[in-house]
Amino acid sequence: MTISRRDFLKVAGITAGSTLLPNLVVHAASTGNPDEYVAMLYDATICVGCNACTNACRQWNKTTPVKDDRALYDAPSELSADTWTMIQLYQGEGEYSFVKRQCMHCVDPACVSGCPVHALQKTAEGPVTYDAKRCIGCRYCMYACPFHIPRFEWDEVIPVVTKCTFCYSRIKAGDGPACAERCPTGALIWGKRGDLVAEAEGRIDAEPHRYVDYIYGKEDAGGTSVLYLSAVPFGKVGLENIGAEPVPALSEGTANVVLPGILVGGPIVLGLIRWISKRGGWEESWPV
Amino acid sequence: MASLTQTKKSALPISFFPYLALALLAVGLSIYRLVVGLGPTTNMSDHYPWGIWITIDLFLIPVAGAAFTISLISFFFGYEDYRTVLRPAVVAGFLGYSVVGILLFLDIGRWPQFYNILDLGIINPHSFLEEISLCVTLYVVILTLEVLPILFEHSKFEKYVKWIETGIYFVAGAGILLSTLHQSSLGSMFLLMRHKLHPLWYTPALPLLFFLQAGYTGLGTTVIAITLVWRSKSLPTNRLLIRRIGQAMGINLLLYASIRIGDWMGAGEIPMLLKPNAFGWIAWLEFGLGILVPLAILFSKLVRHSQGPLWASVFALMGTFINRLMITWVGLSEPSPVTYFPSWIEIMITIGLIAGGALVYERINYYFRLLPEKHEKHQ
Amino acid sequence: MKSVQAVAEGRGISRRDFLKLCTMMTGVLALPKSYSKYVEQALAAPARVPVIWLEFQDCAGCTESLLRATRPTVAELVLDILSVDYHETIMAASGNLAEEAKAATIKAGGYLLVVEGSIPTAENGIYCCVGGKTALQLLDEAVTNALAVVAVGNCASFGGLPKAKPNPTGAVSVLDLVKDKKPVLNMPGCPYNAVNLTATVVHFLTFGELPAMDSLHRPLFAFGARIHDNCERRGHFDAGEFVKAWGDEGAKKGWCLYQMGCKGPVTFHNCPAVQYNDGTSWPVKAGHGCIGCSEPDFWDFSAYNHADLQQFAPPATYAPVQPPTERISPASAGVIGAVAGVAVGAAGVAAIRALTKPDLEEAKEK
């Protein structure tokens, strides 16, 4: 039985059209004004490493302390499923600096772009939140994040992905994140991202000898909601130079072109190939 | 019907009981993994969230690309002689994707909610992982449809699957479309990992490279599969057919190689290949073994040799394996002294499932007809 | 003249308890335990040290501190040994009689001069006059034959409250005036801790000299460590548990008062160890941060601003920064290399064998 070309193209067109329905959204992350996002400014030159922030996070999120070898202090060595923020120390020749690590709540997050089921979402207020009900535990976000932030509950039978949530419930109630509210020295402050960028610039202008002339997170990876000021080069405290291009740019750009391209162009190309390749008489050998 | 374990006619290097044992062991370990979680059973960690299962998936998917490449060439380009290898390729595809499907299911941490990837209301269409999940799910359905006529041939269910053969264009066309989408998306998935993947493997051209690699790897799988099927039936090698597949594979390899080299040159990465460093050597190994050796065979008179394309395929598949290994594991940088090596459970599940797949292939070859009737009759 | 031990026996205190006192004094002096025998010898030897206690711009709080030594065993005994020949607040005599007693002691010499309160220097010192003489003159006279000068309280040691901005009377410390004429020991605190004075006296009796002092002339045994170093709430500082408002949950749990302005990190004193009123309590224990009363110019610290943490050396318990690594672990590389080598080798050998031997005959092509 022969299939007419017309029928084929009709069906191909319908198939392609229906698969395009889900969305024509151009970009995965919500588009808001980055200046209005709630953000944090961490000034490493003021931080004394007291770990009040780590402790506040523990209390608010009820995570489990990681005991040091004398079982006296909560001394996590890295972020984990149960440690969402921590202070690390860089010690060099005659210099040292503390650095606070947690989710950077990027303006254009790679994890949000990569998550297959929108379990990670960029909220309108700014924080990147996680919905365990949607998550399938594929761990793509862990690979996508350029800051190596999301962690996983490997020891649970049905695990979740964990990371700093910017205390989203507190933000919605008008409070600040637990860590910034607890900081005794004022090294960690919170507010609107635009205001904090201005504040950071002001600090560098006022005391240029005190800081490296760079605000980490202002433009890095397209901008993050956690901004850093430091006296030592940022590479030394583990904040690498990853460029100003948002991480999802290439991936989303490719998706915008390739996916519709194949869905629409594919049937057309196949149809064309079939039309051009007139081999004649080969239908006799079908079915095999 | 001959007894289930009879292997008299099969010259395939697969013996029944050992492979069955491995497969059953894998099934048992898989259930164990689902019950106790990933932590106790695998060596994956926060710094290595993906392990060899993803590596094997990313290797088996282009291998199973045999189905779409042969469908494309035989149905749409109309090369009649490729019909000979259609069924072996489709079965290889079907079994390959089945093993991949099981491994993927084992890999997702929150497996009770796996159906979320099919929930069109919440999915993220810009996530290549979502796109792969959807496509692979749909493609397994397509492949099942393509395999059913083989399994139900001359049985009382045959009339239910007649429509598939009638509408083969749509079925195969959908399969080719879905394959193109997800074979390239496997590469696109890594576009988000510019900061982690070694520059010799990261490139914006990853989608194209993965797609081309699926092409020649699929053709290579076809050569290996058909060679084994002919041997099992004591049939001689159809050297012309093998040569033509080899030539197609050669062109595909050449395309891949030129784009890869062009990309290395464009990104200024040639010095990385020339300075002594471990990653450079591995890139040389992958390129030499997986591209240069097959090209040397396929563009020389060895392509006419009855085993020329076969060995070219073996080496090409090795190259694909190294490529996917680098991209999913060894070439990824992590800020930690922690390293990853798969646990014995990960390894045994992988080996067992592949053994199971191979065993099923062998049994299908034994009980069902994979070659054209007139081909079998004349021999 | 009776020795301390004799007086103790007279009061019915057993030798055992007396030895315990000697050990305790040794402890307060931060001396090794073996030194308690020297303390015992000194307190057993007859000795009497005359003291002239002058008060200038003071509130008499330091005298009150002295009088709060309620343990009859230690402080009273020792101070019974000190012949306090002149003390305006507590001496029985007054007027000319008192002045004559003082003049006689000065003339005899060999006395300890204790000064409480700062000395005003503005307008020739008229802002503090006793018996018609300015404090400047009085101090000058009294220093002449003294063995040593002990400035008790922050006012005498560093100028104290009268010196706080804008210092209208031009108040200065004892050391500013005495300079190096005589050995000066500062015993700051507002008030100072009587236990520390007792221990200083014991040291003097035992060794015949004033204890080792820091650059501000404060005895090291009492002022060698910061409050922060021995504070019972230090653990809360390290754990980041801070009181944020008076009476909040943290306050009820006894958390660190750094955020409430505690100057413990910049104040040298031994309050956490010996406490006040014979071990009853001290400010942090009572729930208020240290105000730094043993430091110069502490009245000009802002009481509720944060202390400036200096000389901070991070301890080893901090996690180090982790830079990304791009490397293949030797173990993985080894195994992968081995497997690859075997696979490639086997395939290579088989391929070469298959492809180099003569091929099968060409089958009839369709």
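Things to note:
Chains: A, B and C, in written order; residue numbering restarts at 1 for each.
In this text, a residue touches a chain if its C-beta (ideal position, glycine included) is under 8 Å from a C-beta of that chain, and two chains touch if they have at least 3 such contacts.
Predicted model only: the values in this text are computed from it and were never measured.
Remark: the per-chain Cα centre closest to the mean position of all protein Cα atoms belongs to A. Counting C-beta pairs in contact across B-C and across A-B shows that the higher total falls to A-B. For the pair chain A and chain C, the distance between C-alpha centroids works out to 50 Å. For the pair chain B and chain C, the distance between C-alpha centroids works out to 74 Å. Computed centre separation for the pair chain A/chain B is 31 angstrom, with centres defined by C-alpha atoms.
Residue numbers of chain B whose C-beta contacts span two or more other chains: 334-336. Under the contact definition stated at the top, the residues of chain C that touch 2 or more other chains are 322-324. Shared interface positions of chain A, i.e. residues touching 2 or more other chains, are given as 78, 148, 238, 240.
Interface residues of chain B facing chain C in the complex, by the touch rule stated above, are 81, 198, 236-240, 278-279, 285, 289, 297, 302, 305-308, 310-311, 314-315, 318, 322, 325, 330, 333-337, 339-341.
By the touch rule above, chain A contacts chain C in their complex via residues 48-56, 68, 73-78, 86-91, 96, 98-99, 148, 182, 184-185, 235-238, 240. Of all residues in chain B, only 35-40, 44-47, 49-50, 75-80, 83-84, 86-87, 107-114, 116-117, 119-120, 122-131, 133, 149, 165-170, 173-174, 176-177, 180-181, 184-185, 188-189, 191-196, 204, 207, 332, 334-336, 372-373 touch chain A in the complex they form.
Residues 322-329, 331-333, 335-336, 340, 343-344, 347, 350-351, 354-355, 359-360, 362-363, 365-366 of chain C are the ones that touch chain B when the two sit in their complex. Of all residues in chain A, those touching chain B in their complex are 1, 3, 8, 11-12, 15, 22-23, 25, 27-28, 78-81, 110, 113-118, 132-140, 142-144, 146, 148, 151-160, 238, 240, 242, 247-248, 250-252, 254-256, 258-259, 262-263, 266-267, 270, 273-274, 277-279, 282, 285-288.
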